[in-house]
Amino acid sequence: MSPTRLTPQLRWWILGLLAAMALPLLNPNPYHLDVLTTALLYAILALGLNLIVGLTGLLHLGYAAFFAIGAYTYGLLSLYAGWPFWLGVIPAAAVAALFGAALGAPALRVRGDYLAIITLGFGEIVRIVFTNLDRWTGGPNGLLGIAHPQLWMPGRGVLDFGVSSTPYYYLVLITMAVIAGVCMRLSRSRVGRAWVAIRDDELAAACTGIPVLQLKLLAQGCGGAIAGIAGAIFAAKQGTITPDSFDFILSVMILAMVVLGGLGSIRGAIIGALFLGVLPEVLRGFDQYRMLIFGLCMVIIIRLRPQGLFGTTHGKQSPAPSHAKSAA
Amino acid sequence: MTSLQLFTQQLANGLTLGAIYALIALGYSMIYGVIQLINFAHGEVVMVGAYVSLTLILMLMGLGLPWWVLVIVCGLGAMGGCALLGLAMERFAYRPVRQAPRLNALITAIGLSFFFQNALMVGFGATDRQFPSVVPPVRWEIGGISVTAIQLIVWLGSAALMVGLQLLVMSTKLGKAMRATSQDLTACALLGIPVNRIIAVTFAIGSGLGAMGGLLFGLYYGTINFHDGYLIGLKAFTAAVLGGIGNIPGAMVGGLLLGLLEGLAAGYLSSQWKNVIAFLILIVMLLFKPRGLLGERVAERA
Amino acid sequence: MAGRNRESRITRRLPWALIGALWLAGCGGNTPVIKIGFAAALTGDQAPQGQSMLHGAQLAVAQANAKGNILPGYRLELLALDDQRSPTQAVAVAKKLVADRDVVVVVGHLNSSCSMPASAIYHQARLLQISPVSSNPRISRQGFDTFYRTCATDDLQGPGAALFAVHELGAKRIFILDDRTTYGAGLAEEFEKKAKALGADIVGHEGITQGDKEFTPLLTKIKSIHPDLLYFCGMFPDGALLIKQRVAVGLDAKFMGGDGLFDRTLIDLATPQAAEGVYLTTIGSDLHQMPTARQFVQDYETTYGPIGAYSGYAYEAANIALWAIKAAGSKDRAAVLAAMKTLKDYPGIFGAQNFDAKGDSLIQDIGIFTVKNGRFVFVKTATWD
């Protein structure tokens, strides 16, 4: 692995991060911070899905399920075992990772489209299961009274995050930065390159000795873990979680963020998420037409820029310039 | 009611739902057969068909036509409208991305699905709309089992369409071209078959059948909502996979079977887990028998 | 490579541009205005209910502005935000309202699943919240002194329905259905507890999926169990289908539901013939019957058309909010909250309104309606044992 040099690109990232961290001090509006926090949470999810869809090329339409699993895992641990957030986030990530890999395993043999449908089905099953299992998951009421994170601040005692916006903003921002860093390292490592090889040409990759199955599982496990972390943060922030927050629409939104940003691109995932995450709040006035515009945008953007904002155009992913003019 | 009567009643109920699934599944199957695309927007096309037939029925209701004429006319109108919609979708949304990676086509399909669903919501409102009861509410009791006139219409209508389709595909030149294209598109193109036109026709027919499914859906349940397309689309796709994607008789069998299984599951197991069971069937099928019950008819993308 | 750099610069700037725009949007003007926040599902499938609530609140504010006697020198404004029935959005909306210093009281939300997380935010901000129709009991049990509601809770509606069902309808074998939502499942639970305590036999309790259409297998199964009464906790679209399909299936048990059925569309969708004889409870009595509500009904119907199921509650909640502002005499959240606590025998459209320590309304009337000749007909107010 090459050492991380202070490239201009990296300099921009650090600058951006510092600016983002300074934001609450300049404009402490809790509503704005809350909107940004949600968008940044989506960015974490987009980074996770990017590993699965963007780097490895596995079509996944049920990502919200892992978000839900992470949220409920922490929620249940918090409510029934009194686990604090900083401890609970670990099993949340682990359980979600486990489910990610477990779902991935049997589905490895199927065609790409079918994987998409299987993941969609799984996503729906998870949501319905959480809705129906009253005794364990609170059913449609969901879980109430999940503990907010508490942090010991030197000289100030214990700070309970409560429902203020600023602590969560920093929590999510820093988590996102760390995960982005990890993803960047991963994508430049042998594992990451192997993933891209699988995406570009699975057969060829297998022929060069890449353990395709294991790597696909690893991708889904990592993606699941990231979603699990995001889920735990979400649960801790909201205090209340209900199954209808984790529906198919969310899975599609995250997918759209990854595709819009460009498959495989870390920058793309973050910016795509920020854009699509903040957009609904900005478009509050157009609410009735929001999803309509959203759908239309998806169709148009993928048509005009098939590789997304920051995607690369190499390998099989490059669109052929010609239309199907064959014997029309 | 004896348990045999109960069982037969559940069978009859399940078959009605199954017939509707079958009609919609055909659309999925045919389209996947020619261009390996899961047309996510097909469920919305079905709902467009339902809303269009609703509008037509409301418009023509006052003319004093016998109800069966009304139904047929509105059905044909909706089929025509959706066939055009299917053509437009294919030409402007799907054809441009046919050469692009699969994911792009899927995203396009999902985007279209959102667009149509919300267009319906904006156009027709968010609440359930009532389908006027044009079919006389006749109910027969045969051996303790009740069958309504609407159920009979659903069975007869879908049977007629499926038979018609099968004839088209098996006995006409167009049908032969469609079968050939779904086997090997490139070879067909090389042989001079106008594949783009065939694909367009496939979309038109599939959407038309879906529209009919939408009309029957509206007549049978009496209410329609812009949101119905999502779930019924997913179930119908399950049915298509169950029977073998790309396989026309397979879609029919899959539809009927899924309707039956769902009805029996709701009747004997639990209504709230019904959808989970449907999804599980889908997943299990895809994992262990992805070729479906009757085998799939799809070219392997090299 | 130049093109790539240019493009990445633009796209890199985009999020900052958006943040900047949001920031600027946050800086408000300087007009002397007092805002009453309003939050409900204004789009999506609950839109009709949310909109009818909005109209009720708008009417209250418009009337107050016309009279001009709430807080002289200030203009009253209703700031309505859409939470789309999503708890996540409800939190965002709550924060937005809290952040706006002109907002001194909030009327909202509609759904209990939204009021619940939002109430924590209002509580932390010490902002008075009056919910018109969130009926889940747990919201007021959190110990938030900022939460009030103008409706009866489901732990009243359920038992009220059970008493009526067992004592007046003579139901001995009851099958319960709920739609697996916060509201439906909660109501079903309360009903079941009371019905059992009264000695009725609960022959089955199942869930349906909201938005589902195919209930004949389920109804056929229920038919084979022969209950006297089918009790449904859910919303009218699903209720209408159940009512209609039970006739097709030949299920002749009585049908009863909760306030989720209380919408004219129910009778249209189910067909008047099928809906004949259906019973339902409402969280509050029949507005058309109450002399205290006559003026409101008249005013509302001239401006907006037929009353929605929740318009009256929103009107009441908004008026109480206005009263609190007047009693506080200033545009200060703490003062408004303190004034609210002094409310006693407020002359509202439901009669004299009082609240208990938890914030629940002491008017605990549960109305019972039936469908006769294609219309809702008021039967009585539920009697308690």
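When the chains are written out, they are named A, B and C in that same order, and each has its own residue count from 1.
We take it that a contact is a pair of C-beta atoms (placed from the backbone, for glycine too) under 8 Å apart; a residue touches a chain by one contact, two chains touch by 3 or more.
Computed from a predicted model, the values in this text were never measured in an experiment.
> Count the C-beta pairs in contact for A-B and for B-C, then report the pair with the higher count.
Answer to which pair has more contacts is A-B.
> Taking mean CA positions as centres, which chain lies farthest from subunit C?
It is B whose centre lies farthest from that of subunit C.
> How many Å are there between the centre of subunit A and the centre of subunit B, using C-alpha atoms for each centre?
33
> Just curious, how far off is subunit C from subunit B if you go by their C-alpha centres, in Å?
Distance between chain centres, rounded to whole Å: 37 Å.
> Do you know which subunit B residues sit against two or more other chains?
272, 275
> For subunit C, jot down the residues that touch at least 2 other chains.
43, 180, 207, 209
> Do you know which subunit A residues sit against two or more other chains?
128, 132, 288
> Using the touch definition up top, name the residues of subunit B that touch subunit A in the complex.
Touch list, subunit B to subunit A: 36, 38, 93, 95-104, 106-108, 110-119, 121-122, 186, 189-190, 192-197, 230, 234, 237, 241, 272-273, 275-276, 279-280, 282-283, 286-287, 290.
> Okay, in this complex, where on subunit A does subunit B touch?
53, 57, 59, 106-107, 109-114, 116-118, 120-122, 124-125, 128-129, 132, 248, 252, 255-256, 259, 263, 288-292, 294-299, 302-303, 306, 316-317, 319-320, 322-324, 326-328
> What does subunit C use to touch subunit B in their complex?
43-45, 47-48, 180, 206-209, 211-218, 220-221, 223-224, 237, 240-241, 244, 248-250, 265, 268-269, 271
> Report the residues of subunit B in contact with subunit C in the complex, numbered from low to high.
Residues 1, 6, 9-10, 13-14, 17, 126-128, 130, 133, 139, 146, 148, 217, 221-223, 225, 227-228, 231, 262-268, 270-272, 274-275 of subunit B touch subunit C in their complex.
> Quick one: in the complex, what on subunit C touches subunit A?
Going through subunit C, the ones touching subunit A are 7-8, 11-12, 14-16, 18-19, 21-23, 26, 42-43, 81-82, 84, 86-88, 91-92, 95-96, 98-100, 113, 116-117, 120-121, 124, 136, 138, 180-182, 184-186, 207, 209.
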